[in-house]
Amino acid sequence: MSRIGVFVCHCGENISRTVDVERVAKEAGEIPGVAYSCDYKYMCSDPGQNLLKKAVAEHNLDGALVAACSPRMHEKTFRKAASAAGLNPYLCEMGNIREHCSWVHEDREEATAKASDIVKFMVERVKKGKSLAPITVPVTKKALIIGGGIAGIQAALDIADAGHQVVMVEREPSIGGHMAQLSETFPTLDCSQCIMTPKMVDVANHPNITLYTYAEIEKVDGYIGNFQVTVRKKARSVDESKCTGCGVCMTKCPKKKIPNDFDQGHGMRTAIYVPFPQAVPNTPVIDRQNCTMFQSGKCGVCQKVCGPGAVDFEQQDTLTVESVGAIVVATGFKLYSIERKPEESAIQGYGEFGYGTIPDIIDGMTFERLASASGPTGGRILRPSDGKEPKQVVFIQCVGSRAREKGISYCSKVCCMYTAKHTMLYHHKVHDGQAYVFYMDARTPGKGYDEFWRRAVEEEEAVYIRGMVSRMYQRGDKIVVMGSDTLVGVQVEIEADLVVMATAVQAQDGADLLAQKLGISYDKYNFYSEAHAKLKPVECATAGIYLAGACQGPKDIPDTVSQASAAAAKVMTLFAKDQLERDPVVAKVNEKYCVGCLACKKVCPYGAVEEREIRDRQGNLVKVVANVNPGVCGGCGTCQATCPSKSVELDGYTDEQIMAMIESL
Amino acid sequence: MTPGKKNLLTYSYYPGCSLHASGREYDISTQALFKALNLGLKEVPDWFCCGATPAHNVDELLSLSLCAKNLSLADQVEGDLAVACAACFSRLKTTQHHLKEDDTKRHQVETAIAGPASLGKPVKHILEILARDFGLARLEESVKKPLLGLKVAAYYGCLLTRPPEVPELDDCEDPSIMEDILRALGAEPVKWSHRMECCGANFTLSRPGVVLKLSNAILTSAQEAKADCIMVACPLCHGNLDIRQESINKYGTPEGSLMGNIFGSDYIPGSEDGARREMPIFYVTQLAALAMGVPTDKLGLESVIVDPRPLLYEKNLL
Amino acid sequence: MHAEKLQHEFEPKIVAFVCTWCTYAGADLAGTSRMQYPANVRVLKFPCTGRIDPVFILRAFQKGADGVLVSGCHPGDCHYMAGNFHARRRFAAFRALLGFVGVDLERLQFSWVSAAEGGKWVEVVTELTEKVRSMGPMKEFKALENEEQWSGALNTPELREAFESIT
Amino acid sequence: MKNKLMHLSNETMNVGFVKKVEALSGTSVRRCFQCGKCSAGCPMTGFMEHPPNRVVRLLQLGQGARVLAGRSIWYCASCETCTTRCPNKVNLAAIMDALRKLSWDADGPSKESYVQLANRLFIENIRTYGRQYELRLGAAFNMKSGQFLKDLMLGPKLLSRGKMKLFHQKNKNLPEIEAIFNRIEEMRKKGEAL
């Protein structure tokens, strides 16, 4: 016979106002197996916890039920108290008679009856409970950073400076990400490259950072503290260990007219190239699609001119496995392009803006490159079609964003500010030009942000027009912009020389595939989901994986850097311990009954189930059974509900416990 | 003025056009009140129109110049400049404010009046003189016949307080100077909503319909607050609330009709049956003088259109 | 102010099987928001709807429940990534089976209630309670309960020994 | 004019006009962020086709002509409520003054003639008599506006109570007033003042 203690909390008056707590305690005392029951004003208070501890000792209790608030509130508190009294913490449970009872019912009789029922079935649960011990797992104190933009760089430097090893994996040939593409940054207008490149160099030179560029994540195994990550290093065709970065290959390459992605296709590069002069590492890569050698087998000029002999046409992709304890995902964003897109695009397209067929309608990032001193125009604002300086520039905000029926309902967050910045840059560079901005709302929360926007309007003379653009078309060398000013209530028409659209910030291409490899969740826009929007904004629901920057949702640089440092801090917190403890709510296989059908393996979302062969002493195979790796098991219990022979059991939620609860009803 | 007896304070006085015409009772009662309080009041000789709203509406320079010239005329008379009309007060103060702030404008004005702009003389509204210079305590002491039981809605209108940096009379959104004076006089100021709303004085000539609409709202609000009467400190407000009260209560023709064109009215005010009780409109100086025991024939009560005397009889104040 | 409480002839017993991450938290939210709903429901917490075995539902009906509610995370929001999808497939099949054996499927409801949907929890519970109340008590499985009393006798030491001997 | 399609370009935006308004009023129209507080508190919004905030908005877009074509500016009561409450200290009352002056100078393309007429007569009165001569003002207005019977019933009441005088008052400073008018006209001719 069990000896269970039941403690009914008044929660001040929160519970006792509608529930007759004394009666609940009294009825609890009559349940078979309950050795002690009482009620108390505040169970969670110090005296309340002491009451529990004392009762455990005095009445020799082997289980405790605290009927109070939600276990989400105080389960930890009472388990700690129970543990201090020598009771196994997993034999202390909570009955929720506040959120699920006293607060939602008015009738005292009904509420009291319900509270008594809750106590009754929870007591059954405690009766059938088992003593459990927390699971410990070792921690590999090495972090993987996926993405080498400002978020990844910040997180990597923070973790590496704390003395831990860091592996950074970047898909592109150079780290730097989007921030390296920007001209100047709001709200201070300091030069993006000037503040970015030193950090890039720091990453390359840091003794604790191993940098893989032109590389992708192939596979992720393991769990918090113990991930095995397979990295695919794509064939660069240039041996990084030999290349000195002299750049002769690039000057000699005969293919010189390849649009450079870094300049949004508006600058040209060679087939062997570094994306931009300050690239880190400064090692070129051969773009095999465009290289004559790879396409026709004739050329090889780069190889001939390379002094150290670094060019290697035979190079193959290589796979490297890294063991890490934590992962920071910092894969950033991409900008929506209004070009007609394949079916999978989240946005339905903007035919009314010409689907990207009008050359002088560009996106914000292209404008950044035009305004950048290192850009294709050397920092002069010249329009793509004919290289003329535009005198009338129309900026359009919310292209793709906040257009629920076009596909994206969220606000891209950075556009209001960067458009204001663009109007300023334009005004600084083209004094007799006029900038117009079509906007729906100017959203400028942030330190110094609204002031910045107002400066664009009041001092830099940008004409802001509250309304959207319906259609744009080419007339001669002008773009006719048909918009409206809702403040006046008229249609507005502007003959623009250049149109800059603040297109939506979207998740990176392949963000969903990476999430599937990592086992983290993502929303319908492929942005990664944090564990809690407010209180766990950098953690993933999957332990040991953290988020930094725009891969989670649109973010500006200050927010990105803050989150990256926060993610680094979380990683360091994890690395502060040698062993990890976690709740023992994991599945266990009863090998005796297991028939090895492995239905559980198919449904396990964590890949925690493995096959295990049972052999006799002679080494003959007796049978194959399922085996659950407790370090990987997340504790959902799907395997147990699936198992046809009922030979898997989830600790803490066993069939026996649940049946007992149901039967007590 | 009692000969031989020295005045407590002496003021120069700019009455303004209205006080010599439609607002004559304001002038009469101001003179009587100042005499009763032993305050000197000497009218600026040959003052001329300040230009009021129409001048600054279309020609700010003209408006500033007219006021600047009047200010230099006032310099010839001893004492701070007392102004009774809120519009004149506002224009004179605005002129001082603008010309002190803006050198270009001052230079233009000085060219226009062919002489230096005189900006030094304090321009004071009657309310300011009563509540501050003379003082509320002394005012209360001087009361001979407290206005007990008289519920008064104090109406500020636009120009006494707005814009705040110009008149510097009181809080621009929640003034209390008129209520303070009323309390000192023994009357009961009521709380009401429309004490700072515009009466539409600018349109009294051109678009009386506007005046009817706006003034109607003010009268309605005062009545809802159970006021016996309204107290004003501006002849234009008075003109609208008093002279046009009968039209507000009874008449009105729809905009655009033949009748409307001929009668110049484009609004039908709210009270259909003309059942609203007539609401006497007092000048602050009339009520103050009454409380000081000035003989009733010196208050100009007979000049007012909505006869206040029945109310005063009812309250035993006559 | 209090409306006169309606007296019902029949108060159904509703058992809710909910996942701890979404619906349980959603019910907590209904509590912290002080929403009101019928007191007929008894909430049993599971880590995930994926853990809920159809047998539990049968057992609940057998043991006197007049209505059963199963509620978890919205598709795609599962804390364990896919548990609720497995649950959805399982219950789609189970419903058909239950219908086949003659249980009025109105008594069994599945729903997705997220941690943010306190209001939806109240709606779902209220609706099901009203519905089941109007249907009257569930009688179908009560006979089965008696049969099981008999079959329960299978658990004899002899049988257990025989069972244990199976490897 | 009110709903006509608006072309925006360096040519169609009359920035010069806006600069004039800003110089006359001493306030910047760009400071306005269109919160609408002015229109919310304006006693005259109901009479205007462009409420005060839209007047500023049109100026921001260099559309002075649209403003002047309407009667909004002439329906401003100069009550200063907008100026007092503006969160950006846009002196809208002064902007209205400036617009009326510019309209007045251009001999007003406005639809609103009564207010213009009243203002004109008022100022003429000052020039002629030094002080307002209300009887003449009213009579002249009624004659010129064609509203012959307007406020006719008030006349006897006012006269009988001494509130309106049959004759104007004499003023020694009349020559000086005339001189002020002349000097201002002179300055404008020379371009020394707006």
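To keep things simple, chains are lettered A, B, C and D as they appear, and every chain counts its residues starting from 1.
FYI, contacts are C-beta pairs under 8 Å (C-beta built on N, C-alpha and C of every residue); 3 or more make two chains touch, one makes a residue touch a chain.
Because the structure is predicted, anything quoted here is derived from the model rather than measured.
Graph distance from chain B to chain C, where chains that touch are one step apart, equals 3. Remark: the per-chain Cα centre closest to the mean position of all protein Cα atoms belongs to A. The interface with the largest number of contacting C-beta pairs joins chains B-D. Ranking all chains by how far their C-alpha centres lie from the centre of chain B, first place goes to C. One finds 22 Å separating the Cα centroids of chain B and chain D.
Centroid to centroid, with C-alpha atoms defining each point, chain A and chain B lie 68 Å apart. If you average the Cα atoms of chain A and of chain D, the two centres end up 60 Å apart. One finds 34 Å separating the Cα centroids of chain A and chain C. Not a single residue in chain D touches at least two other chains. With chains as nodes and touching pairs as edges, the resulting graph is an open line. Looking at which chains touch one another, you get A-C, A-D, B-D.
Across the complex, chain D is touched by residues 391-392, 432, 434, 436, 454, 457-458, 461, 463, 465-466, 485, 487-495 of chain A. Chain D meets chain B in the complex at residues 24, 26, 43-44, 47, 75-81, 83-85, 91, 93-94, 96-98, 100-101, 103-104, 114-119, 121-123, 125-126, 130-132, 134, 137-138, 141-142, 145-151, 154, 157-158, 161-165, 169, 171-173, 176-177, 179-181, 183-184, 187, 192-194. Across the complex, chain A meets chain C through its residues 70-72, 96, 98-101, 103-107, 110-111, 113-114, 117-118, 121, 519, 521, 524, 541, 585, 592, 603, 605-606, 634-638, 640-642, 650, 652-653, 655, 658-659, 661-663, 665. Contact residues on chain D toward chain A in their complex (touch as defined above): 2-10, 13, 28, 30-31, 33-34, 50, 53-54, 57-58, 60-61, 63. Of all residues in chain B, only 17-18, 20-24, 45-49, 51-62, 65-66, 69, 73, 102, 108, 111-114, 158-159, 161-164, 172-173, 197-198, 200-203, 205-208, 210, 214, 243-244, 261-265, 302-305 touch chain D in the complex they form.
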